Structure formats: structure tokens, C-alpha cells
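In what follows, a single structure is set out as C-alpha cells and then discussed.
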Amino acid sequence: MKTIIHNRVLKGAGIAVAGLSALAVAVSAHAQQTLNIVSWGGAYSMSQQRAYHEPWMEMTGDEIVNIDRSANALAGLRSQTQAGNVTWDLVDMLPADAMIACAEGLIEPLDHDELLADAPDGTPPSEDFVDGALGECFVASIVYSNIVGFNTEMFPEDGQPSTIEDVFDLENYPGQRALMRRPINNLEWALIADGVDRDDVYDMLETEEGIQRAFAKLDTIKDNVIWWEEGAQPPQLLADQEVAFASAYNGRIFDAMVSEDQPFDIIWDAQVFELDGWVVPTGKLDKVRDYLYFATDTQRLADQAQYISYGPARMSSSDMVSTHAEAGIDMTPHMPTYPPNFATAIQKDDEFWADYLDELSQRFDAWLAQ
Amino acid sequence: MAIPSYATRGERIWHYVFLGLCGLIFLFLVGPLLVIIPLSFNAQPYFTFTQEMLTFDPQGYSLRWYQDFFTSSRWLNAIKNSFIIGIASTILATLLGTIAALGLSSRHMPARGVIMALLISPMIVPLIISAAAMFFFFSRINLAQTYLGVILAHTALGIPFVVITVTATLSSFDTTLIRAAHSLGANPTRTFFKVVLPLVTPGVVSGALFAFITSFDEVVVVLFIAGPEQRTMPIQMWSGIREQISPTILAVATLLVLLSMLLLTTLELLRRRGERLRGVTPG
Amino acid sequence: MSDSAAPLTTADGVPLKVSLRRAVRRSKLKALLLVSPLLLFLGIAFVIPIFEMLSRSVANPEVSTHLPRTVAALEHWDRQALPDEPVFEALVEDLREGQAARNLGLLASRLNYERSGMRSAINRTARGLGSMEPPYREAMIDAHTRWGELDTWKLIEREASPFTMTYYLSALDRQLTPDGDITMAPDNQQIHVSLFWRTFWMSGLITLMTLLLGYPIAFLLANLPLRHSNLLMILVLLPFWTSLLVRTTTWIAILQSQGVLNDIMVFLGVIADEARWQMIHNKIGTVVAMTHILLPFMILPLYSVMKTIPPSYMRAARSLGGRPFLCFRRVYFPLTIPGIAAGGILVFILSIGYYITPALVGGQSGRFITNYIAYHMQTSLNWGLAAAIASILLCVVVVFYLVFNRLVGVDKVKLG
């Protein structure tokens, strides 16, 4: 599975022939409107702004309002639907949330081949997107990764950390750690740092011994952990040298490295990657149909990679990934799917977490409170 | 607080220790508010004093965070929303609260204690519970994510303050003044405008100020029931603190401290006026 | 006036008693009429929503609405072995209908709260229903192992009732066994009770801190000439009038490890640069910031009580030969107890319901039970559990509020 994804992402077909003529037809009969688009905020929203929103607004005269509520998108969708007053037109969310929202009928089922643009060479979307990118109600735009970043200034030059074991090694790599306050990722990393093979991680976590083992490993660093909750916190904590290590979304760390010249580096070992993309709230499909077609085409996904180091979810976009729009550096080695980065990657198991998140969250909280 | 003449030496020492202690507590109360004011002029994006600032190097100071604030459409929009919601809910709360206070201060008000306890309850019920409850209820009646919804919610939260201050004013109201006015030949209308209103107004206005500041400072309910259009100042600050804590927050905070100083001065002037009118002389 | 005299009457001949009673009734009615718009408003915008939310803590509509056939088919089940084919058939029909209407999500979440794995049992099975053929019993067990477990069926049968107490049980770290007995949740999943206790003891600590700091200030203010005390009173009221978020922000700026206080300490050489104090995102942060925020609520009631104590009492005690401390302890202090009670209860009530400050500066260890209400409202979306925790908290608050009302009277609360 992992190898399939990275091979296809990297070697995906794709010559950049703009599908803009087709788009122009789609857009011609378009009345100006305001689109409320929910996303994650920070550097990620900025990359969407530059790659999708600005060209779209210029082309159509539409107004796009960014709402940074993706972290609570499921709660928002539920309450808006209950209220019968859905104000969001398009929502960026994780596939796990999309599965739940879809089962509750909060979002529209999508016919991908009908709604989305073909690749420039005519490959239909269902074949052009990477595995798992197209869910019943979901279309991915990026592949991102949960990694651990560190501040290079806090370690001697010959003693820079490089593996996930180092994060759990207080003796050789002292300092505070910032981890996200939830069981996801942390339990996986704890097991891997404890020597579990990455293919066995989720099987292990379905057993009581596995869970205990993961918590026991986390116990060893518990006193040195600051728990964060907002995606913008880890780069901040690293920059302030409040912590030496911080788990984060890889794009946030990259953004701080490039845009703010922060002395950060990323431990790609045992990165937990997953997809992220669009869902359409029930009843909004007609309103956002054109925009969705535009924002998920090959060119747009490739453009986004100029602003943030998340891999495009379309294979045809991968080869078009070039340099960072401002810094001018080659983006390829900063992508989660770059082979040296990808060698020990784990794909987040959405079904496992759909079943066990309630229970493990409670257990995680109880563990934190001990 | 003078030292009595019979105080012993030990007592004198204790007296000064006590004053010093009180000074420290006052510092604890007000110091934090004063610290952020210079910090908001920091030229660097830090939350602490830089070397340049400590040496009073002009290079260390700048207005960039204020500029940030006044040029950001998000912040300006948030201010606008805060004022719209604050003013509308203040008017509603003051109107409802004052009328109710007139009833409550009647000698014949039945079940006064129970009703009073009920009217004060929005101040006592934990905000998170009120917010969650309003979230469900307002969602169901299509008021969530509307200005009206937020305004009504803030009206409910502001009401206890209006009721408390206005009933307090009315209870200290000397009814013989009305009789005096009548006996001196004033008709009821003239009595109301010349005697009652001037005496009650300070209470109503300070109640209104409390209601306004309650709304202006409220985060939790807005967090739950407001939509993207109703983003208020506190929400903007809240997400600023949680997500990307930049010194712009400190600039906003400084402006808000100034605002509260302004409100407080108004309130103090009102109180003095009220006392003067009632014939209470400050000692 | 003799006993036989006619009762007093008004000018138009109505007995005075009747006339008075009428006048009282009229003014009662007038007073009620004046209050009624506000009562009506608060009733609709505040009281009803709260009761409605609390009702969610026992509401349990998911199984009975989404699995009506299954519930009916389970009525004669003996609970000893897996149910028979008709029950499975009913379940398949229910799931098919739910899948077509796309509303199985809430059911899946509801059952998953009680038993991990039920979410995928329902979702995965529902997705595969199209091609499913009888006999359904084997097909279902094949589709997901949960359908082959006795406890799953006991759970469905149990949750068929439209009301449940499981939310309250889990708010108190208890759970139902498959056979319906109440037990403690496993040690490693107990979280809420300890959070309630933490909220209470930290609020108690904050109350104590505000008392220790507020008492001298109130004493000073009450004993200074009004001219000076008015000026100092402004110093108390200024923080009171300043935005809560501003005050919380200032504490972040002061307490964080690259913050003002740590910088001063490093500069003074009290601590080493590498050994900066961790004063925020933990209990210290919450206690310090909340003490600061709630201090005026302690000072004001204390002040208004102390203001009424004549200074001559202390002078009299002294002149009778009491040592200063003894005089204070035996004469002055007892007189201030009503103020301490009023301020203490007020601060305690406000403190246990605080959300913003613990959320911003409390980190993990300085978190209150209110933060879990928010968590279950917004993140885990377990609204029933949020309602159960909220109603327990509300009960505690109401008890203290009633005590406060009894001791002090809400109408005696003064603001500034």
C-alpha cells in the first residue's frame, strides 16, 4: 500500500496541459456569489488562497471567505444541519471525519468521475487520484504527514536527532517535547520507538498488551511533554525554544523553515501520513460544483505544492511539482512522498481510529491526568 | 489609616509592613495590566522586553502591531461586530432589566426572592453550560449563526447586571423626595423628570455599562452560537491566543485596557453625581 | 372606639380593610406585570434551553428509532445464546433502510461509546449490504466479528430503551456490565471524577488565595478616609473592568518561560537561563491567573461588610487591655465573617464554572471539568456525556448558589 502510493504519486503521468478551455466553458454561465470555505488556517489556508482561491476569484468575480474551523468541522456541520441553516459551502476535512459525516448524511456523496476534471492526458479522476483519495463523500487534495520536528540549535552539530527513537531518548536528546494532545500518532510512535515493526502497529494496538506497551513507552517521557492542541503551536513552541522536539504537520514546520528562516529540521522516520481534502455539505453541491472542479484539477494541485510541502493527491500533478514560489528552493525533498522521507512511513488507519478513538481518547486523558 | 497615638513600636513596624504588603497586592492587581502596555510597542515579535527596549533605544519600539491591527480587515470587522452586538444587547437588557427592577423594588412584589434568584442566574450558571444550552436551542429555532441569536444570548447574560444595579439604586431611593416635590407643587410629570429620573439615571447607566462590557468581553457563547459573520473581538483574540500568539494581541489588549479605564471613569463620575444628587457627601 | 363601632370605611363606603387589600393586590399585579416581560424573555432564552440540554443527558433515541425491527425481534430473546436468523434478518432490514436514508452515523457513534468496534461493525456491514444474501446470520458474522458476540446483542437490547443512565454513569467513571450491573470503569479509563475533585480543590485554593490577598486590601480600603480609598478602589475596579482575555493574555506574557518574570529572574541571577521556571500551562498558571481575575469579587463584598464595622469597636477592645492581635481575632475578625462567606462562595461558584482561563493557561494539569464539557461538545461530539457532566456541575453550582442566597441574599450583591 505504502509503496504503491509513493510510486504513483511520484511517477504519476502528467504533462501540464491546462484544462482551462474546458473550464472556461464550465464557468461561462456563472453568477457572482460568495463561497464560505472552511479550512485549517495558517500556512495551509494561505497555500489554498494562493493556488485556488485567488485565481478563482479573479476568473469569476466570486468572493471567497476563509473560515478556520476545520478542527471542529464535524461539530459545526452537525449543528448547522440540525439548525437547517448550513452556512458553509465547502469544507476541508480529514477522511476519518468525512466517513462519520457521510454516515450521518451531513455531506453529499460524490460521483468523482462526473464531478472532477480528467488529468491532462485524459485519465479519469478515479484512476488519477492516489489510493484512498476518493471516498464516498470525499475528494482528497493533498497527502500530508505527521512528523516530529526539532530545533537544530538545541542540539550539538554532531548530535542531531534523526529517528523516532531519539524523540523518546531523554538521555542523549534532553529537553521538552511538544506532542499533540490526542492518542492518534503518539501511540503509533511509542510502539515503533519500542521496537514494534511498523506493519504490526495497528494489530498491536487492538490488543490490551499493545496499548499498555504504548502507554508504558509514553510514560518514559511524560514529564517532559507539553501537549498542544492547535496546529500553529508547535512551530511557535520550537521557535521560542520552549521545546526541543515538536510533533507537527510537516507543512507547518516547512513553512517556518522557509518563510521565517527558523533553524528547524524534520525527523521523517516513522512519519504518519494521511490525506486531507474536500467535502460538500448536503445541499451545497450545485453551488460549489464549478469551484470543486477547478480546485481539484491537475494544475491547481500542482500549484499548491509551490506554497506548502504537502504532496498533491493526483498522480498527474506530482511531476509538475517544482520550486517554492518565494524561496525558489526545490520542493521535492520536502514532500512526505519523497522516497528517502517515505522509507519508514506509516499510513494512518482510519478504520482503526473510527472504532477505538472514543475509548483510547478517554484512556489517554486518564493517563494524562495520572 | 492613621496610626493611633497609643501604638507601640512593634505596632508601628507592623503598620508599615502591612502597608508594604498592601502595596504588593495592588501591584499584583494592576501590574500585569501595565506591563503589557510597553510590550505592545515592541519592535520585535516577542512577548518580553528586548535589550533595545530596556536601554530605551528608539529602535526597540515601534507601532507595527497597532498598524497591523488597524489595517487588518479581520480585526476591524471584529470590532464592528462587537459594537453592533454589544450595543443592541445592552439596549435590550437595559430596557427589560429596568422595567423589571421597577417591579422588583415595589413593596408588594410577590415571591421576590425566588424571582430575583432566577433573574440573577445567568450570572451564576457556568458560561460553558449556558453556551452549550443556547447552542442546542438556538440551532433548533434557526437563531444560531445569526446576529439576532448572539444579541439575544448576550441580552440574557447582561440582564443580571442591570437588575442588580438598578434595584440597588431604587432601594436607596428616598420616596419622601417624591412627596416633597408634590407638596411643593410639582405635578407628577414634572416630579418624574426633575426628581426621579436624575436620581435613577446613574444606576441605569451603570447597569447598561455592565451589560455592555459583559457582551463586549464574552467569548464562550459566541464561540458556540456565532457564525463566521458574527466574529467578535474576543473571538478574534481567543483564536489569536490559541493559535498564533503575536504581539498584535498585546496592542489590542492595550486598547482594551484604555477602554476599560474610560468606562471606569464614566462610572465613577456617575457615582459621584448620584451621591451628590442624593445629598451624600464624600468624607 | 368601642367594639360595637362600625368598621372603618373609605369615603365611598368600602370597608377600609377590603380597600387596602384591593390596593395591595393591584400593586402586586402591577409589580408582576413589570417583571413579566423579563421573566418571559429569560424563560425562553435561558431557562428552557438549559432544561432542554439537561434532558439530553438521559435521552437515548438512537437504537429505538434506527433499529425498530431488530428491537422488536429481540423481545423474546433469551439472552443466553446468539439470537436466531429472524433477528439478523430484522437487523439487515433496519440497516438497509438506514443506509438508504444515510442516517446510520448517529447509531454507530452511540453504540461505539458503549463498545469499541461498533462503529465499523455498523458502517462496514451497511456498506456491504447490497450483495448480502440469506442466511443472514452467517453473512453478518462474516461481515464483522462483533455480530458474533453475545455482548453486542445484550448492548442493543439494553439501549433500546428511550432513556439511558449510561451518560451519567460514564460522567462518574462508572459503567454497565453487559448484564446490567453498575461497576467502576477500568482504572485506566477513569477521568471525570478526579477532574471534578481537581476543579473543586483548585477552586478552593483560588478562593483561599483571593481571601488572603483580598482581606488586607478590603481592610485598608475600609479604614482609609473616603477620599483616599476611592482612589485605591479604582485600582481594584480597573482589573475588574478589563477584558478577561486581556488579563489572561498578560499572564501568558508574564509567566511563560521566555516571559517577563523569567527574564527578570535570569537577569537577577536567581535562576540559570537553562533552568527557567515552568509557570504556565500547568496548575500554577491557572491558580495565579484566576486568583488575579477573581480577586475583585472577594474584595468588594469584604469591603462592604468591613465598612459597617465601627472603628470604635477595636478601640474599645484595645482600651480594655487586649493585645492587638487578640483584639483583631476576637472582635474584628468575627464581624467580617459574613463578608468572607459572601466573597468566598461567590468566588468559588465563579471559579468552578470558569472555562476560558484554564483552557488558555492551564495546560494539561490545570484543566477544569468545564474544559471537558467543551471537549465533548466540540471535539468528541458526545453531547449526551457533555450534558451529563454539565448537569452534575450545575447541581453543585445551584447548591452553593442557594446557600449564598440564604446567607447573603442575591439582592445584596453589589457591583463596584
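Letters A, B and C mark the chains as written, and numbering starts fresh at 1 in each.
Operating definition for what follows: a contact is a pair of C-beta atoms (placed from the backbone, for glycine too) under 8 Å apart; a residue touches a chain by one contact, two chains touch by 3 or more.
Remember, predicted model here, so these are calculated numbers, not experimental data.
Two chain pairs, A-C and A-B, are compared here, and A-C has more C-beta pairs in contact (counted per touch definition above).
Chain-level centrality, scored on Cα centres against the all-protein Cα centre, points to C. Taking each chain's centre as the average of its CA atoms, chain B and chain C sit 23 Å apart.
The centroid of the Cα atoms in chain A and the matching centroid in chain C are 35 Å apart. A separation of 42 Å divides the Cα centre of chain A from that of chain B. Contacts with at least two other chains are made by residues 256, 258, 377 of chain C.
Under the contact definition stated at the top, not a single residue of chain A touches 2 or more other chains. The multi-chain contact residues of chain B, meaning those touching 2 or more other chains, are 135, 138, 242, 245. Those residues of chain A whose C-beta lies close enough to touch chain C in the complex are 72, 74-75, 78, 99-106, 109, 181, 215, 226-227, 240-242, 351, 354-356, 358-359, 361-363, 365-369.
Of all residues in chain A, only 36, 41-42, 65, 67-69, 79-80, 82-85, 87, 229-233, 236 touch chain B in the complex they form. Residues 135, 138-140, 142, 144-145, 227-229, 239, 242-245 of chain B are the ones that touch chain A when the two sit in their complex. Residues 101-106, 108-109, 112-113, 116-120, 123-124, 126, 187-191, 194-195, 198, 256-258, 281, 363-364, 377-382 of chain C are the ones touching chain A in the complex. Contacts from chain B toward chain C in the complex involve residues 1, 4, 6, 11, 14, 18-19, 21-22, 25-26, 28-30, 32-33, 35-36, 39, 46-49, 96-97, 99-100, 102-104, 106-110, 112-113, 115-122, 124-130, 132-138, 152-153, 155-156, 159, 161, 163-165, 167-168, 171, 206, 210, 213, 216-217, 219-220, 224, 234, 237-238, 241-242, 245, 249-250, 252-253, 256-257, 260-261, 263-264, 267-268, 271, 282-283.
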